[in-house]
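Note that the chains are named A, B and C in the order they appear, and that numbering of residues resets to 1 at the start of each chain.
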Amino acid sequence: MSAAPVDISATEGAWKLPSRGRVGMLCLILAESAIFAIFIAAYIFYIGKSLSGPAPRQILTVPIFTSIGLWLSSFTIHGAVSALAKGKRALFAGLWFITLALGATFIAGTAREWRHLIYDQGFTIQTNLFGTTYYALVGLHASHVIIGLIALSVVMIFALFGKVKPEHHERCEILSLYWHFVDVVWIVVFIVVYGLS
Amino acid sequence: MFGLEVEGAIFVVVFSLLAYAIVKFRQRKGDDDLEPPQIYGSNQMELAWTVLPVLIVVVLFLSTAQVIHRVQDAKRPADAIQVTVVGHQFWWEYRYEQYGFVAANELHVPVSDPQHPTPTYLALLSADVDHSFWVPRLAGKTDLIPNHPNSMWIDPQETGLFLGQCAQYCGTQHAKMLIRVYVQSRPDFDRWVHEQQQPAVADPSVAAGRALFQAKLCFVCHTIRGTLAMGKVGPDLTHLMSRDTIGSGSVPNTPGNLRQWIRNPGTFKPGSLMPPQDLTDQQLDQIAAYLETLR
Amino acid sequence: MASESMPLALHRNPLSVVYEWLATVDHKKIGIMYIVYALLFLVVMGIEAILMRIQLAHANSTFLSPQVFNRLFTLHGTTGIFFVAMPILFGFGNYLVPLMIGARDMAFPRLNAFSFWMTAFGGFLLYGSVFAGGAISQGGSAPDVGWFAYAPLTSPAFSPGHSTDFWTLSLLVAGVGSIGAAVNFVATILSMRCKGMTLGRMPLFSWMNLVMGGLVLVTISPLTAAQIMLMVDRYIGGHFFDTDAGGSVVMWMHFFWIFGHPEVYVLIIPCFGFVSEIIPVFSRKAMFGYPAMVAATVSIGFVSLGVWAHHMFTVGMPSYGNAFFVLTTMVVAVPTGIKIFNWLATMWGGKIRFATPMLFCVAFLFQFLIGGLTGIMLATAPFDWQLGNSYFVVAHFHYIIVGGILFTIFAAFYYWFPKMTGRMLDETLGKWHFWLFVIGFHLTFDFMHIPGLLGMPRRVYTYEAGRGWETWNMISSIGAAVQAVAILIFVYNMIRSYFKGAPAGNDPWDAWTLEWATTSPPPHYNFAMVPAVQSRRPLWDIKHPEDPDWRYE
């Protein structure tokens, strides 16, 4: 059968490797960053190149409140995970819920902004290069927020049933890495879309 | 460029070392069972075979950069000829703006004298998808890309016919989007230009064919200068009979081939964008006869 | 545990066997499924190649219509990269990496299964297009836009119907599978190594899979992004690549090649891993320059991200743009060369046994050298202006993909088939396979450089007589037939040896890494006791207790 190659006692002390969940999530974040980078590159490349139609400054309103809300939710999720690690499950659930609410508000705000742009202004993904790159980039980000919200909701439901315990804090922390990623991407997209153009 | 010699040298050296190693260090019958000395590495060797290749790369890069600059940033002489090439699926349009005419499928240029160079500068545009202009004996290829004008030059110093073809996959008949470059002496070139500048021959004996050309909607795609036909989708036919080939180089320009092409281009070039023509034999004869007067 | 290597169907309900394989999350079974899947598509791809070579053997051939030929080369390239090369390498990686690092499985077994099935479904979707042409109205047929699907040929205007969408969707799906597999490789290698196995003591094959995994994460994603953009254009009226709206089709090229070039390193790096395991064992020497090999591989990974526009030298970039990519492309040749020298140094002073795995590795060394040198020729932009998009390029990349990648995959088969099945592949058949394939390979691809030099572009369904191309094309086509025979011998060898091959035992090659410390095939838990190691060659330490490696590392 199989043989132990070496006398185990001969090897040095404790054997510490990074957690696979953390590594896996960071890998996913790396891959997603590459996808966003390409969409951002396309957006930046096409700034000022639309042959017709509205330009960003003519038609966009800066979603400053919902954006601040989204960025604040990074702090609340961080707080929630710390609370869980310390055993403060009620605080965890509360902060987790606020995170969820802030994220949902962000999506609602985006939906409202788009409804106005599409129905009131007639500005769609087909309108011009700006329309195509804007909806694609902001939409890609929004879809990632929605996926995050679904994951957060699942945890929320488990928490409401009392199933989330302090020993789960690391998993929640790994999920929060994804949420932080989504927030950081929004910083970049926000600057590029509402700042640069 | 001495890059090839450098590469050749690298090949000979490494190949010989490999060949030597597999011969000299084979396990032979009668060898003992002991393992050979285990050598784990050598920093000096790693350094040597890192530094030397880096030096080779620097040298190759610098000489390459020089050639790139000489080709792409060449100063354009005052006497250069200018032609705009427009790539279509699956034919070549040649616009001689400085002479005021449009031709198709044959590029005529004057031979260039090294003492007084008259290169031909080609502006490269596309009407549809990506194409690439490649005549190996004249120059490297440059692509024709919609919404991305390119430019290249050729400086042929011998007369003759130079063959090439589209070098960027552009659809079904990419393979038969052939290029024919006629490098001519200056007098011959000037004569060709003069002929191309004339409007179409108006031979009254083929009036029936000319009328059919309109009636059967050929004018929608084709131009015949001096008539009402001003279509831009297909090749300019004003001087069709001055060309050796039809179908962008793929078919010799004979009466029989011309007739068959009009009836159904797909017999020669399936996937060509010119549809088969719904004509009776008599109509086909008349149109062909008309086209055959367009010298 | 000899019974594990016998076909289980003899004494188990066949349905339960099928279910076991369909539902498995065991890395060894998933690895084998990837490999078998890839072999099936290798045969399909080979048939496509044979058909094309028959068409090209003569000038003005009418054996195939242009439409069929254009679909064939599109499918051939797409299948080769995504449904043969990537799955087979994921398969070997999946099977071997946990064993080599002393782990019981990959980090995420369910993700592993999910990734495999996504990749598999992608392939079925692509080939569904071949049959779907008539069934779905307006469905179109197999894609015919070339494996790099340049815009605007892929726009709705120039590719009506859905054939291009089959290309896009099948690769999107397979891409998800690839990213999942990459996440798994990186997490497994970083987080699941057995005690004592620092990163500096991992087998080089593990290192290669780590770099490959990282590269996949940043290289497949750009393709995914570009394909989403293409779908936006084709389905909802977007303008990413719409020149009428001011869009840029060169942008597609940039995005595609930002994926496409690192992708070829994704393919070759695990193959470097095969060679780095096999050459030392058959030379009876430790790998020369392990740290340099690691450093070289990591550098290749990074530099390969900056060379992409050498596929675009003819597109009309300014001179300094072209020059930049000449430089980066030549730079990436340096660490690659370093690896060749280190393999050579490993063989130097050794006692080389020329069993079939080593034969394929030695051929790889010669062929990869040549392919690399033609690559440097192409990196020299002015040469590329003549030779780009010609049969010279086709010859160059097949030299690397067949002469490099496929040869090392054959080596890997002969080396690890005993571990996976408990039986040796037949050496005589192996040598027939090897020599026939070498002859066929060189007939086809050596002479293929010449039509390119004489002006023959690629992706042409036929060519005119009188250009001087016919003889060389005929020779290439004959070589293809010889390769086909060699592959048949290989397939026969595998099938026959599975049932009748000599029993392998744990360690038929007298090797030194952990996969040889367990049975052939391993039990599903891999090791009865998770091992602990003190050097790069744990089994060498056991076999040579008087002179263990850890004294020298």
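Please note the rule applied: a contact is a pair of C-beta atoms (placed from the backbone, for glycine too) under 8 Å apart; a residue touches a chain by one contact, two chains touch by 3 or more.
Because the structure is a prediction, the values reported are computed rather than measured.
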- Query: What is the chain whose Cα centre is as far as it gets from that of chain A?
  - Reply: B
- Query: If you tally the C-beta contacts, which comes out ahead, A-C or B-C?
  - Reply: B-C
- Query: Once you find the CA centre of chain A and the CA centre of chain B, what distance in Å lies between them?
  - Reply: 50
- Query: In whole angstrom, how far does the Cα centroid of chain B sit from the Cα centroid of chain C?
  - Reply: 34
- Residues of chain C touching at least two other chains: 246-248
- Note on the structure: Touching chain C in the complex, chain A uses residues 1-6, 8, 10-12, 15, 17-20, 23-24, 27-28, 30-32, 34-35, 37-39, 42, 45-46, 49-51, 124-126, 128-129, 131-133, 136, 140
- Task: Would you tell me which residues of chain C are touching chain B in their complex?
- Result: 65-67, 70, 144, 146, 150, 152-153, 158, 243, 246-250, 283-286, 288-292, 314-316, 318-319, 322-323, 326-327, 330-331, 333-334, 337-338, 340-342, 344-345, 347-354, 362, 365-366, 369-370, 373, 376-377, 380-386, 388-390, 454-455, 457-464, 467, 544, 549, 552-553
- Please name which positions on chain C make contact with chain A in the complex. 1, 107-108, 111, 179, 182-184, 186-188, 190-193, 195-196, 213-214, 217-222, 224-226, 228-229, 232-233, 236-240, 245-248, 251, 255, 258, 514, 517-519, 522-523, 526-529, 531-534, 538-539, 541-542
- List of chain B residues in touch with chain C within their complex: 1, 3-4, 7, 10-11, 14-15, 17-18, 21-22, 25-27, 31, 35-42, 45-46, 49-50, 53-54, 57, 60-61, 64-65, 67-69, 71-73, 89, 124, 128-130, 132, 134, 136-137, 139-143, 145-148, 150-151, 163-176, 178, 250, 270-271
